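Chain naming follows the written order as A, B and C, and within any one chain the residues start at number 1.
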Amino acid sequence: MSENLTLPAQQGSTDPTPTETLLEVKGLTKHFPIYGGFPIKRKVGAVQAVDGVDLTVGVGESLGLVGESGCGKSTTGRLITRLLAPTAGQITYAGQDITHASRRQLAPVRSEIQMIFQDPYSSLNPRQTVGTIIKSPMEVNGINPEGGREKRVRELLELVGLNPEHYNRFPHEFSGGQRQRIGVARALALNPKLIVADEPVSALDVSIQAQVVNLLQKVQQELGIAFVFIAHDLAIVRHFSQRVAVMYLGKVVEVGDRDSIYNRPRHPYTHALLSAVPEVEISDESESRERIRLAGDVPSPIHPPSGCRFRTRCWKAQDKCATEEPPLVQLSGNRAGHLTACHFPEDPTTEARDEDVVLDPALKALEEDQD
Amino acid sequence: MLQFIIRRTVGAVVTLFLIGAATFFLFVAAPSDYASLACGRDCSPARLEDIREALGLNLPVAQQFWDFMSGIVVGRDFPDGHCAAPCLGQSFYSGDMVWDTIMDRFPLTISLTVGAMVVFLTVGIGAGMLAAYRRGSAIDKVATGASMVLSSFQIYFLGPIVLLIFVYSTGWVEDPKYVPFTDDPFGWLAGLWIPMVVMATIFTAQYTRMARASLVEQLAEEHVRTARAKGMPKRYVFFRYAWRGSLIPIVTVLGIDLSSLLGGGVVTELTFSLQGIGRLAVDGAVNKDLPLTMGVMLVGAFVILLLNILVDIVYAWIDPRVRLS
Amino acid sequence: MTTLTKTEDAPAPTGPESFLSVRDLRVQFSTEDGIVKAVDGLSFDVERGKTLGIVGESGSGKSVTNLTILGLHNPRTTTIDGEIVLDGKELVTATEKELEQLRGNKMAMIFQDPLTALSPYYTVGRQLSEPYRKHTGASKKEAKDRAIQMLEKVGIPQPKVRFDDYPHQFSGGMRQRAMIAMALMCDPDLLIADEPTTALDVTVQAQILDLLKDLQQEFGSAIIFITHDLGVISNMADDLLVMYAGRAVERGSVKEVLRTPKHPYTWGLLSSMPRLDGDIHTELTPIPGAPPSLLNPPSGCPFHPRCAFKDKVSGTLCTDVRPPLGEGRDSACHLTAEQKQTIFIDEIQPRLR
């Protein structure tokens, strides 16, 4: 539990294969204004949903975005696809600045960046057949694949594991998992280079989730499509993503390759998040993990804490954390590309500590009584 | 809350002004004017000019509008006397002060609409509640069926039938008439209950169905189930938890219905030959009586806006989420 | 066609430690589309002070079972057969009045989404005090004191002030704490928690789960914990019941069921979810197909259309005969005990690494 910044380098040079950058996001910010006041309504504040996020996604790479509600991961996804216009910052796609690109300038890029949504029920038009749903992106973009659009749709249906005969069926004739496959087929219709998947499996039953995860993984690996995979389920993100960014209240607090984030996390929030994941104990040997119980909920993004935003729930917070915002940097001993925004980082391990970190007052009281 | 009321009041004043302007200029733009109507068939240009001058119609339109609107606030002087604020001008046709005429007729219209409202709110919501409480029972089926049939009973259809049966054929009831409530409450009710009930019928049917649907929806809410899971008795949960939530859509629709309610009042007055605001509105339009029409429009709009603010206050009373946001 | 209609013979009444006992429970709803067999021959016991986990997907009948225990089903459209005995009292045949005396008092429930499960129209304090006053006859003042004490116990800061707040003024985690406080107001012997943390963030979930465990130690209630999340159940429960299509398919202690599962459905659940420390190169093994419609459940073993191992069972046993679930540690599957063991060790366990 020391803030030592001089750990010996751990295989620092074997960084993940540097790939060509497909998407780069710098200082990405989205504030949703709040209006109010009297007698004339004016802007009285803003929900700081995303506040200065830097990210890169390589060609064919899968970047996981994790965090709890209000951390801005979904908003970030929508900004990348330009479904929302950013308040500030820069989005560069394949070398082209698309931050403020007009509709027309955006058109060719739009077909290359696709989105898969969380709810397979509301994201498909119930009055259109599956064929029409999957075909429409091609129509909108005036794309005429060889052999016609219908043939392409049938290929896509087969690719995502649906029967091509179902071309003329309506979404309500399908189960949740199958609908999500339709959503995947629609996203693939334009041969995208990047897919933003916003909680693509969280609305599905456990036994169905794996079907969709496997499908997405197949798509990613076989077609070489880059993914921004947004989810709150840390185990699924780990399974799917080569690199992972952890977000908290509109900021990236830690980003790095999968192994660094899950086995050598430095940010206290990453530690807390990982330790909170309930895991099935399949054997006694499952190594004992650290136990961190935070107090309270995530603060409101309307009035985020000053300095480090996590400090109000952090057990290591000191005065410095309130006044100085920690930069997102590579701490000594961390691998290249593993960046942490913390003044007093934790040791890079997730193993059990001598003493649990229990900040929740009710838990503390009860546990002291029972000891 | 206070801020909310102030804001709504300011909004209402602006709305009233806009309604006044729209009515005034539409009226002026209409093809025939009152002066030529009053002047008669053998009208000389000089006589027409006299009439126009007497009525103030010779002034620029903007000036006329300004005179009218400012009169509401500060009063006006006419050749035959002062008209104190709120002054709605002098009727072209009768020469009476419009404000006095409206105040004379208004109690009847208010009695009718408020009376009908009391009838349809109590009977409608009551029947809807009963139907929802005993969903699927005979009571539910009767209430639902009756409301289906009654919701097509328009005032101008039901009114004459009721008059024919209860007044003209059997003579069980006297011809509807207006007696001021302050003079004789029983006479007031005896004179007006038939128009009230006739007017309320179609609304009752609608509110029965709405209250039932809204309650059935509320009863399926999770917080209602929680209340039952706490061991609270069925009736308690129904009245405390489900009922309160079910009022929200009802109040919403009531707010929208307010204007059609006033419209229904007009139709009812005409059906039962009662001398209320409705009759005035028709007279104003037929006689090209600009001040009278303006007065009726503004007073009507004022009442509707006032009730709308009341509806919003009721909202806040029902739902603390509205109150505290 | 099913040749055995009543395969789960009701075992003999169990000892006094079994505080809640459900025997051969059948719950059917009549809908416009037909009869939904939501629960079909379910038996289980809950011991005092212990936690029974019920795990299953949507439509497995886990939530229906618990609404039925509380008697919160719609009596017009629901038919119930079987026995539910709570501390010696038969609940299926109990009158509404008798159930009202028990609900919120001897047995209480925590629902999934505290935002919709608490009334937006009344203060948190009022909603907490209400059942206490009804069941104990306490005065308004006494109920308020008790409510403030409970709010403090579950970790609501400034409970005296928050007593007068409305639920929408609480954060998600605080609301669920208030919900727990409400359920514990009358010190219930049985607490039913239906997906109590599913709507919460993961760090808040961890707080709430630990809180429930600690409170159980203090209050000694029996808990039925319903969830779809095996990780959560692994941390919470003593015993585990796996439900599929309205039936229990596997039962045992949590350790037994999660470490040496014996039913192909349990295997499927375990190997379709990734682990935080699992091998990232192991592909997930999903269960093919989708959960069945309860309007027309499959004949025989309800899992047979999705089962990868039905070929190992001779003849048409899986499609024709419903496999029984015996008492204690058992799984409702036609595979032999040796088959189950070899399949698990050879095929399933390697996937869980």
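The rule is short, and it goes like this: a contact is a pair of C-beta atoms (placed from the backbone, for glycine too) under 8 Å apart; a residue touches a chain by one contact, two chains touch by 3 or more.
What you are looking at is a predicted structure, and each value in this text was computed from that prediction instead of being measured.
Inter-chain contacts peak for the pair A-C, counting C-beta pairs in contact. Summarising the inter-chain layout, the chain whose CA centre lies farthest from the centre of chain A is B. The geometric centre of chain A is 31 Å away from that of chain C, both derived from CA atoms.
The mean-CA centres of chain A and chain B are about 55 angstrom from one another, to the nearest whole unit.
Of all residues in chain A, only 68-69, 175-178, 205-211, 213-214, 217, 232, 234-236, 238-239, 258, 262, 272-283, 286-287, 293-298, 360-363, 365-367, 369-370 touch chain C in the complex they form.
Of all residues in chain C, only 70, 72, 76, 96, 100-105, 108-109, 111, 113, 116-122, 127, 130-131, 134-135, 166, 168-169, 182 touch chain B in the complex they form.
By the touch rule above, chain C contacts chain A in their complex via residues 57-58, 152-155, 157, 171-174, 177, 201-207, 209-211, 214-215, 217-218, 228-232, 234-235, 255, 258-259, 268-270, 272-278, 280, 283-288, 290-291, 352. Chain B contributes residues 135-136, 221-234, 240-241, 244-245, 318-321, 324 to its touches with chain C in the complex.
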